[in-house]
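Chains here go by letter, A, B and C, matching the order in which they are written, and residues are numbered from 1 within each.
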Amino acid sequence: MSTIDLKLLIWRQKNSDSLGDFETHVLKDISTDMSFLEMLDVLNEKLTKDGMEPVAFDHDCREGICGMCGAVVNGVAHGPEKETTLCQLHMRKFASGDTLVIEPFRSRAFPIKKDLMVDRSSLDRIIQAGGYVSVNTGGAIDGNTTPVSTETAELAMDAAACIGCGACVASCPNGAAMLFTGAKISQLSLLPQGHAERKQRATAMVAQMDKEGFGYCSNERECEAVCPKGISISSIARMNREYLKGVFFGR
Amino acid sequence: MELNPNIPSGPLAEKWDNHRFTSKLVNPANRRKFKVIVVGTGLAGASAAATLAELGYKVEAFCLHDSPRRAHSIAAQGGINAAKNYQNEGDSVFRLFYDTIKGGDFRAREANVYRLAQVSNNIIDQCVAQGVPFAREYGGTLANRSFGGAQVSRTFYARGQTGQQLLLGAYSALSRQIKKGGVTMHNRREMMDVVVVDGRARGIVVRNMINGAIETYSGDAVLLCTGGYGNAYFLSTNAMASNVTAAWRACKRGAGFANPSFVQIHPTCIPVHGDYQSKLTLMSESLRNDGRVWVPKKQGDNRPPSQISEDERDYYLENKYPSFGNLVPRDVASRNAKEQCDAGKGVGSTQLAVYLDFAEAIKRDGEDVIFRKYGNLFQMYQKITDSDPMKEPMMIYPAVHYTMGGLWVDYNLMTTIPGLFALGECNFSDHGANRLGASALMQGLADGYFIINTSVAHYFGSTPLAAVDTSHEAFTATADEVAARVKRLLQNSSGGPQGKVTVDEVHKELGRLLWDHCGMARNKEGLELALAKLPELKDRFWNRVYVPGTEKDINQSLERAGRVADFLEFAEFMVRDALAREESCGCHLREESQTEEHEALRNDEQYSHVSVWEFTGDDQAPELHKEPLAFENVTPSQRSYK
Amino acid sequence: MWFISFVNSSIGRKAIMAVTGLCLISFLAIHAFGNAAIYMGSKYFQIYADTLHGFPVLVLLFGLGLLVILTAHVGFGVLLFFEKRKTQSRYRVATRVVENTFASRTMPYTGLFILLFLIIHVFGFNIAVPADVPISAVVKDYLSGFFYSLFYIVAFVALAIHLNHGFWSMLQTFGVNHPRYNCLIATLTIVVPVAFLVIFGGIPIYFMTGAGASF
């Protein structure tokens, strides 16, 4: 088992109201088999033993699916490995002597709560604005009544794979949530079950997105590049289409 | 403690209908007068909160994450079962019921399981209508795959992310109700206690994880949808924050806890590779279709696998179970892997792993075929371990995965505290002593979408409930207790960390103790040893644990400390339950109870019951109650895989 | 009301950029088609110009329309540019995962340069033209000058670069993104700007190199 030594420049901020700054820590003998979050665990155990406060960071499933974890490592959301969440990034991707600058996801719409922990409830409110099919429990018709082609189901699944981590927002030069919103609108506009509400859905979700303070899209493609689930910006194109239809032909 | 399962009368197939007819209803106009508290927003919680709000009840929902979409239901990979019989294989509600009861080794309640099978079909329809992108056949119909424990293909799936898609479906229904004002959502709140007024659950106490405030909420019914307790073992496939606190606090307030020792251990997980390891990752069981499990014949043989020749390898599953070979059920595979490692034949740096070798399958079918089948799993494995299963054998080891035990509930999903309901993995009801693959998602959604509405209406319709709000003395008293407990967790912190232990250190020790003595195979001696060691561990925790920071702030160490404190108390229930059940059943081998061929031996005469434990006071032995299980529609049979 | 909220929305503003951009491209296409008459000789070019100016009201309306569209395009472009500046470089380590294309990085600059060119161009060929000299003669006169022509060529290169990103960006904003046609779109983002560069850029070269001496 090989080990590496690292220097961490890690963002510390007491709460939303205070100013934060970087703190430097040196970690020795980090196993390359560790995940990035396990490396942070080791740092936190060390800080605790030294009588300091551990670094607060959000995490839960550690399987890359819950979307809770995330930080910007050396300027890249979720770190250097493609299509990988921070919890699935392993330390073998780094070399001994590396300096890692670890910062929270920054965006106007993601206030920092503490250290690397941010508030992403703005994304929830976008979904609440229309990211659903309005069906009550109970009245559904048989699942096979409406056929859905394999291709459509696959495309919808590509978009539905979004884990809501917010990396797209964190990496967008404009702090836009276009990929997140586009993915949900795409999923529901592709599937026939979502058709009844598609016009109203697109306008409502985009309006909420703007209200939350997310930026616009300047086609930089950074979101797509850092997305741990590889969601493509064709979702944004589909959202634009849905939105224009909604604005000009909705009621 | 009185255990009345309230099973409806009539033939099995008519019980649910009879029950719905005889249950009381609440007039639509009156529903808004009732407030329901839902704790947890996984499959069970989100679906229950959305469904009840749609019906017109006022709902307050709570989760400890930053968003209700993060619950660990999201990590389920395989799929969800339903008795649709879309594949024309002769599947039926009765067959799904039978497979589930048999899979649970005849330790579940017939009526509950039958109802689960009945509503399974509605779940699929509901999820499709919500826009869940299930896999489809070319003709546009829903696709199915087969799963362990069944001879029919009845599992619906959305790639390897079925749990995620179903949860996002329930989350979207919940989001819709939040927007409409039917549900008030409270994120980043951890439930700390149940408030019981006049013998009924009337509210909860939570800790606001952002500012540390102890908050109280009142309601007319409380639904616990807080998942399982697999993290008692420290290492499990559960999410980091999964915990027993809500269920355990309810138990301390008078809810019976059923079968706490029924824990499922999944055979194919990526093994532990260091002390720093925080969790285990599941690899799909389907790998055993083509992989061959082996260990070196010689103890402590640490040569690389390529240097160990065929005649030096022990394909122990194939040798021991010639007819099933590598495809023996989960519990058998898990147990045998541990047996080999305990005998010193484990591989890898920790010697806690066995090989799962694809070399022969690759030779037989070609690289392409194998990669097409398992490519994404291989890539996931490679990402974590940096080793390519196409070139060298995979290493696997069993890991704690799911807890069948949970709060005891009757047919209405109500615990022994009136007004307190438990849904999903949090209750014990449907999986007996072992859960079949793709059944957890089914149960969580069945409880939340289709069952709880009847129960809640019946409870409100048949119970006179006095108006209670948070100014009631029971709320202030419970909140004070909670605040005192939080303070107590921080009591050792003033003098600095010197000579103290961290939360994780104690948790790891507890995990090790449970894994060694209350894991896949248990015996009286080991369990008694564990029972003797627990008080010392608890003492060490309370007297020496160092928790940095304050209670008035975001403090993840404090959150963990609270959970571990409850795991420490709850572990005693697990061990005592395992000790009391002197039979092998479902997931577990009780070493004293096995056949001459070392196979699990169930004892129906003495143990065909649900063990329900009643909390009788701190540092006092809990009291065991039994709910006998009657099998009128199926005949319990002994499993054999030879 | 709905239109105002549309224009104020994040996608709406991009849509305005795209629609006005499309109008401007269409105008350029017509303009390029007309100007191609230069390659046929001064006689044909003069006929084209005279015919066009035989409809003064139409030309005026068209011109005013173009002015509005151009103002909107430039106005919203500048607005978006400044909004973007506000949110940039929020991390200690500034890095990019996808390297931006040169065209995309320089959109505001190529845009402003084209605006400068446009002012000079309109001034030279519309406003400051002596009434008694035929337009074909003015063209030859101006474009035979080396530096004037060079300026034109540079401006057309800037236009091509601007279009290279603008054309794709416009289609993305309209939601034209389909796996089957993405390859075609990628080709068009090269072909369209190059076509304009060849037709427009060819004119100053035509005169500069002396190929148009007999014009």
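The rule is simple: a contact is a pair of C-beta atoms (placed from the backbone, for glycine too) under 8 Å apart; a residue touches a chain by one contact, two chains touch by 3 or more.
All values reported here derive from a predicted model rather than from experimental measurement.
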{"item": "Per Cα centroids, the chain farthest from chain A", "value": "C"}
{"item": "Geometric centre: closest chain by C-alpha means", "value": "A"}
{"item": "Separation of mean Cα positions, chain B and chain A [Å, integer]", "value": "27"}
{"item": "Centroid spacing, where centroids are CA-atom means, of chain B and chain C in whole angstrom", "value": "63"}
{"item": "Rounded Å distance between chain A and chain C, as computed from the means of their C-alpha atoms", "value": "38"}
{"item": "Of all residues in chain A, those that touch chain B in their complex", "value": "1, 14-15, 31-35, 37-38, 41-42, 44-45, 47-54, 56, 58-63, 65-68, 84, 88, 90, 92, 113-114, 117, 119-121, 123-124, 127-129, 131-144, 146-150, 152-153, 156-157, 160-161, 163-164, 187-188, 191, 193-194"}
{"item": "Touching residues on chain C, where the partner in the complex is chain A", "value": "2, 5-6, 8-15, 80, 83-84, 87-88, 90-98, 100, 104, 165, 168-169, 171-179"}
{"item": "In the complex with chain A, residue positions of chain B that touch it", "value": "47, 50-51, 54, 65-72, 74-75, 84, 86, 122, 124-142, 158-159, 161, 164-165, 168, 171-173, 175-176, 178-179, 187, 210, 239-241, 273-274, 276-279, 281-282, 349, 383-386, 449-450, 453, 496-497, 502, 504, 546, 548-549, 553-554, 556-557"}
{"item": "Contacting residues of chain A [partner chain C, same complex]", "value": "9, 22, 72, 74-76, 101, 103, 106, 108, 171, 173-176, 178, 206-207, 209-210, 214-222, 224-226, 233-234, 236-244, 247"}
